[in-house]
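Naming follows writing order (A, B, C and D), and every chain is counted from residue 1.
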Amino acid sequence: MFADVPLIPEAASTHATAMDELFYFILGVCLFFSTLIAVLIVTFAVRYRRRSEAERPQPIHSSLKLELTWSLIPFVFMMVFFFWGAHLYFSWAHAPADSMEVYVVGKQWMWKMQHLGGQREINELHVPVGRPVKLTMISQDVIHSFFVPAFRVHMDVLPGRYTTLWFQPTKPGRYHLFCSQYCGTNHAKMIGEIVVLSSDDYQTWLNQGVDGGMAQAGRKLFQKLQCVTCHSADAKARAPVLEALYLSEVHLDNGKIVRADETYLRESILYPDAKIVAGYKPIMPSYKDQVDEEEILQLIAFIKALRPGQTPPRTESADPPLNPILDTKQGK
Amino acid sequence: MAEHRSRLQIYGIVFVALIGLTAVTLLLGGVELGAWHTIVGLAIASTKATLIVLFFMHLLHSPRVTWLVAGTTLLFLAILLLMTLTDYLSRGEG
Amino acid sequence: MSANPTHLAHHFADVRQQHDTATLGMWVFLVTEAMVFGGLFLAYTVYRVLYAAEFAAASAHLNVVFGGVNTIVLLSSSLTMALAVYWAQTGQQGRVPAALILTALLGTAFLVIKGFEYHGDYEDNLMPGLAFDEHAWGPHPERVKLFLVIYYIMTGVHAVHLIIGIGLISILALMARRGRFTRGYYYPVEVGGLYWHFVDVIWVFLLPLLYLAGVRN
Amino acid sequence: MSTVAVATPQGESPPVTRPVNYLNVHFGVRSWLLTTDHKRIAILYLISITLMFFLGGAAITVVRLQLLTPDNNLVDADTYNKLFTMHGIIMVFFFMVPSIPAVLGNFLLPMMLGAKDLAFPKLNLLSWYIYILGGTFTLWAVLSGGVDSGWTFYTPYSSKASHTNIIPAAVGVFIVGFSSILTGLNFIVTTHMMRAPGQTWFRLPLMVWSLYATSIIFLLGTPVLAITLTLVAIERIFQVGVFDPALGGDPVLFQHMFWFYSHPAVYIMVLPAMGVVSEVVPCFSRKNIYGYKFIAFSSLGIAVLGFLVWSHHMFVAGISVYEAFLFSFLSFMVAVPSAIKVFNWTATLYKGSVAFATPMLFAFGFIGLFTIGGLTGMFLASLGTDVHVHDTYFVIAHFHFIMVGGAVMAYMGGLHFWWPKMTGRMYPEFWSRLAAMIIFVGFILTFLPQFVVGNLGMPRRYYQYAPEFQVLNVMSSAGASILAVGYVLPLVYLLWSLGYGKKAGANPWLATGLEWQTASPPPPDNFAVTPVVTEAPYQYSKEVAVVS
C-alpha cells in the first residue's frame, strides 16, 4: 500500500523543475533554522533544568549585536527567497510568443477547452510535449482556479475578465487538473486531466474527428450573426475592417489609442459603444445576450486569424451553425 | 474672559472659512480643470476637515496621544487606499 | 477642580482622569468609524479609477443644490455643537440646551433635505432597481449603476450615523436641561461633540467625491 | 498581600474566614449577567468561547471522518461544504479572535497595569452581549440550513451563486466584529490612561504590549471587514452591483478588502499568544526576559507590518505583477519581528532555571510549532512557490500551525498559568502535562502530513479526492482523533479542579507581575491598595516574596 504513496509531486513541466529548485532551497534553510531552534531549546532546557527550588539565576541583559545578528541573517535569506521567487513569478506571468494557444471556459462544475484547430474537450486537455501552451481563461459564473500540480501552475479563472496561464510540459503522461478555488457544491468534482502526448501521438489526436477549426467556427458565427454585413472588406463600409486587427493599434474617436487584444475584442462584442473607432458611428448593437463565453472566444479566434483579404464575402450562404455542444447533457 | 471671547472669535473665523471653502468647491464644480478637478476638490475638502478637527474637535490643544490616534488613522487609511490602488494602476503592465 | 463623587466611577482616581479617558475613548472609536468609511472610499476610488467617464457623467446628474445646501446646514450644526461644548466647559450651562437642540434640529433638517433629494433622484430615474433608464447612459449602464449604488450606500451609511448622532445630542440636551453638567463634569457633551464633528468631516469629503466627480455646466 | 479577611456569611463553620473575592462577592445569575467586573466578564467569555470551540471541533470531526477514504459518502458534498464553513467561521471569529484577548486579556490587563478595572466596564459587558448576539445569528444560520461559502465569503459565489444562509452568517460575523472593536478600544484606552503610579511603558509586562498591539489591529481592521460584509449583503439582497462583474463590479476588490482585515486577523490570534509565552518563559526559567524592548517593539512592528501584506493571499487571483512583487517583499518583512521573538525566548532559557511545569510545556510547544508555521510561511510569501501551493492543504497546514499549534497552544498554556489566579485552585499537574503531550503529538500527526499532501497538489475544500492522497489523509484523521482527546482532557480536569483542586496561594509560581501580588482569586477591585511600581518587569533573580 505504501509503495504507491507519493511524497513529492511529479515534475512534468519546465516550471516544475525551476520551482522545485527554489522549493528545496527554502526547505533546506527552514529545516536548518527549525533544527537549530529545536536543538537550542532542548539543550538549554535540559542543561539548565531546575535542580533546586532555591535557584536564582543571574540576569542576562540583551546585546544589541546579538539582536541585530538574528534579525539580519534571516533577512538576508528572505531576500534571496524573495528575488528568486519574484524571478520565477515573472517568467510564469509571461508566456513565450510562440506558445500554442488554448481557450478555457470554467463553469460550475466543469472545464471546457477549445483548441485553435477547433477541437473541443471537457475536463480534458490534450497538449504536445515540449511546446509552450498558453491558456486564455474565463469563467461563466463564479471564480474558479486552474491548478495542475505536476506543472506547478495555478491561476484563478474570473468571471468577466480573461486571465492567462502558460506551461511547457516536459514528459508525456496524464496529470491531474484541479479547481482549487472553492466554487460550490461540486467543487471537488471540477477536476480533469491534462494529457501530454508525444508529437506524433498529438498529431494523431488532432486528426480525430475535427469539424473545422475554432477560427472556422468563429467565421461561421460571424456570418450567422450578420457581422459581415457591416464589417466587410470595404474600408468605406459602416464598420471598421477587421483584417489584421489583432494586436494592432486602434485610434478611437476620443483621441486615445488602444491595443486590440483579447480584452478589447471581447469588450467590443459585448459593449460596442465603449470604445468607438475614430471615423465611425456608434451603431453596432450589443451581442451580450446572443453569444456565450465560448462563442466569444471563437469570434476572437476568427478575428485573430483574419489576414488581409480573408473577410468572408457578404453573399456567401451561411452554413447552419455548428453544433457547439459536445456534451449534450450539459447543453445550454 | 478675554481669552474666552477670543475662542468664540476663532470659532466664528473657522465657520466663515468653512462656508467660504464650500462656496469655492461648488463654484469650481463648473470649471474645467482637467486632472486638477479632483485634486483641487479633495484639497479643499482636506482643508475643511483639518479646520474642523483642529478647532471644533480641539485637536490643537489635545494631548500627544490624541495626535497619535489621528495620525495612525490617516496612515492606515492611506495604506488601505494606496496599496490597493497599486494593483489597479499597474494591471496590464509588465 | 472639585471632584464630583456622584459622577466619578469607582475605578477612576479623579474626575480629570475620567474626562480624559472618555475623550480618548471617543477618539479611538472614531478611528473605527473612519475605517468603516475607509472601506467605502476604497470601493469608490477603485471604481472611479476604472470607470472615470461613467462616474463623471452620473455624478453630474446628482442634485448639487441639495448637496451644497446640506453642506452648509451640517457645517452650521458643527458650529452650534462647538458652542455647546464651549459653554458647557466655561460654566455657561444655561446656554447649552439651546445650542444642543439647535444642533439636533440642523441635523434633522439635513435628513429632511436628503429625503427630498432621494425623492428627486427617484423622479430623475437615478435609482437602480426602482427607477433607472438602462438606455440613457451609453454603453455601460452597469457602471453608472455602480456609481449610484455606491452613492446610496455612502450617503445612507452617513445618514445612519447622523440619526445616531441626533439621538445622542437629544439625550445630551435633555441632560443639560436637567442641569446635569458642570464645569468639572461635561465630558458627555465633549464626547458627543467629537462624534458629531466626525460625521460632519465625512460629509465634507462626500460633497466633492459624489457631486463633483465630473465637471458641471 | 493585604487582602482583607472578612467573616463568611452566616451558616458556615464559624472559625473559617474567607477573603472577599470577585467570585464570592455576589451570587446568582443576575450578578453575573449584569456584572461590569472585567474578571467576571472574562469568565463569561471563557464559557462562551469554550462552547464555540467544541462546536467548531465537532464540525471538523465529521470533516476528518469524511476524508478517511477518497470517495467516502459519509456526508454529501453540500453538507461537507457547510461543515468546513461552520468550522472556519466559528473557529476564526468566535474562538480564535476572542480567545486570548477576551478571556485572558480581559482578566489580566487591568491587574497587570495596577488598575481596578478597564476604562469602560459597561462597554466591556456590552462587548460580551454583542458576542452572544453575533454568535446567535451565526448559529441560527448554521442550524436553519447552513452556510457553504467558506469563512472567506468570496464573491460572486457568496453574493450570487450560493443558495445558503449567507446573510445571517455575515450578519453574525458583522455583529461579533463590534465585540472585538469594543474590546480593542477598552484595552487601548485602559493602557494609556489607567496605569498605576510608576507603571511606565517599559515597565509593562510584554503581555500588555502584545494586547495593545492586538487592539490596534482590532480597531483598524475589523471595521473594514464589517463594511465589506455589508457590501456583500447589499449586493445579495438588492441584487445591485458592488463586486459582481456581470454588474460592473470587480470580485478581486472584495478580496483586497476582505484580506485587509483577515490577514491582520492572523496577528490578532498570534500576538496575544506571543504575549502569553513572554510571561510564561521567564517565569519558568526564573530569568529576566532576554531583549525586552526588542520583543515589545516587534509586537508593534508585527501589528503595523501585518497590515501591509494582505495581497499575498491573492498572488494567483489576477492582481498585477507589481502588486505581487510589493506584497511578497513586505510579507518577508513581517517575518523578521517574529524571528526576533523566537530567538529572544530561546535566549531567555540560557543559564536559567528551567522547570517543566504545564504552562512551560505548552510554551515549548508554541515555540516549536510556531517556528514551523512561520517558516512554512516562506513558501507562501515567495511568489515562485506560492503559485504551486496556493489554496492547497499546504496552506491549511501552515495556518493551523500558526493558529492551533501557535495560538491555541499558548492559550492553553496561559489558561493553566493563570488558572490558579482565576479560580484560586491548582489544576492536577500530572493530567495537565499528559494533555500537553497528547495535544502536541496529536497536532503534529494531524498537520504535518497536510504539508506533504498539499505539496502533492490536494486542493482545500475537497470532499472527495484522488486515491493517492489517502494514506496521508488517514494519518491526518488519526492525529485529529488524538488531538480531540487532548482537548477534552483539560475540560474534564479543569472542571474537576474547581471543586477538588489544591488551594492555590496568591503566587504559586513565585512569578513577578502585579497580578500575582494580589489574592487568588483577586478581590473585586483587584488590589486592596493601589500598587506602586518601582522597577522593570521580570525581576526573577531577586528573591520573590512568597505570599500566601
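Just so it is clear, a contact is a pair of C-beta atoms (placed from the backbone, for glycine too) under 8 Å apart; a residue touches a chain by one contact, two chains touch by 3 or more.
It should be emphasised that the depicted structure is a prediction, and the values quoted were computed from it without experimental measurement.
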Of B-D and A-C, whichever chain pair has more C-beta contact pairs: B-D
Chain centroid nearest the full-protein CA centroid: D
Whole-Å gap between the CA centroids of subunit A and subunit D: 37
Centroid spacing, where centroids are CA-atom means, of subunit A and subunit C in whole angstrom: 46
Intercentroid distance (Cα basis), subunit C paired with subunit B, Å: 15
Subunit D, residues touching no fewer than two other chains: 192, 220, 224, 246, 252-253, 256-257, 260, 321
Overlap residues in subunit A, where contacts from two or more other chains coincide: 90, 93
Residues of subunit B whose C-beta touches two or more other chains: 65, 72-73, 76, 80, 84, 88, 94
In the complex with subunit C, residue positions of subunit D that touch it: 115-121, 181, 185, 188-189, 192-194, 219-224, 226-228, 230-231, 234, 238-242, 246-250, 253, 256-257, 260, 525, 530
Residue numbers on subunit B that touch subunit C, as the complex places them: 4, 7-8, 11, 15, 18-19, 22, 25-26, 28-33, 37-38, 41-42, 44-45, 48-49, 52-53, 55-57, 62-63, 65-66, 69-70, 72-73, 76-77, 80-81, 84-85, 88-89
Parts of subunit A lying in touch with subunit D, wherever the complex brings them together: 1-2, 4-9, 15, 18-19, 22-23, 26, 29-30, 33-34, 37-38, 40-41, 44-45, 48-51, 55-62, 66-67, 70-71, 74-75, 78-79, 81-82, 84-90, 92-93, 108, 141-143, 145, 147, 149-150, 152-156, 158-161, 163, 176, 178-189, 191
Touching residues on subunit C, where the partner in the complex is subunit D: 9-11, 13, 17, 20-21, 24-25, 28-29, 31-40, 42-43, 46-47, 50-51, 128-129, 140, 142-143, 145-146, 149-150, 153, 157
In the complex with subunit A, residue positions of subunit C that touch it: 138-140
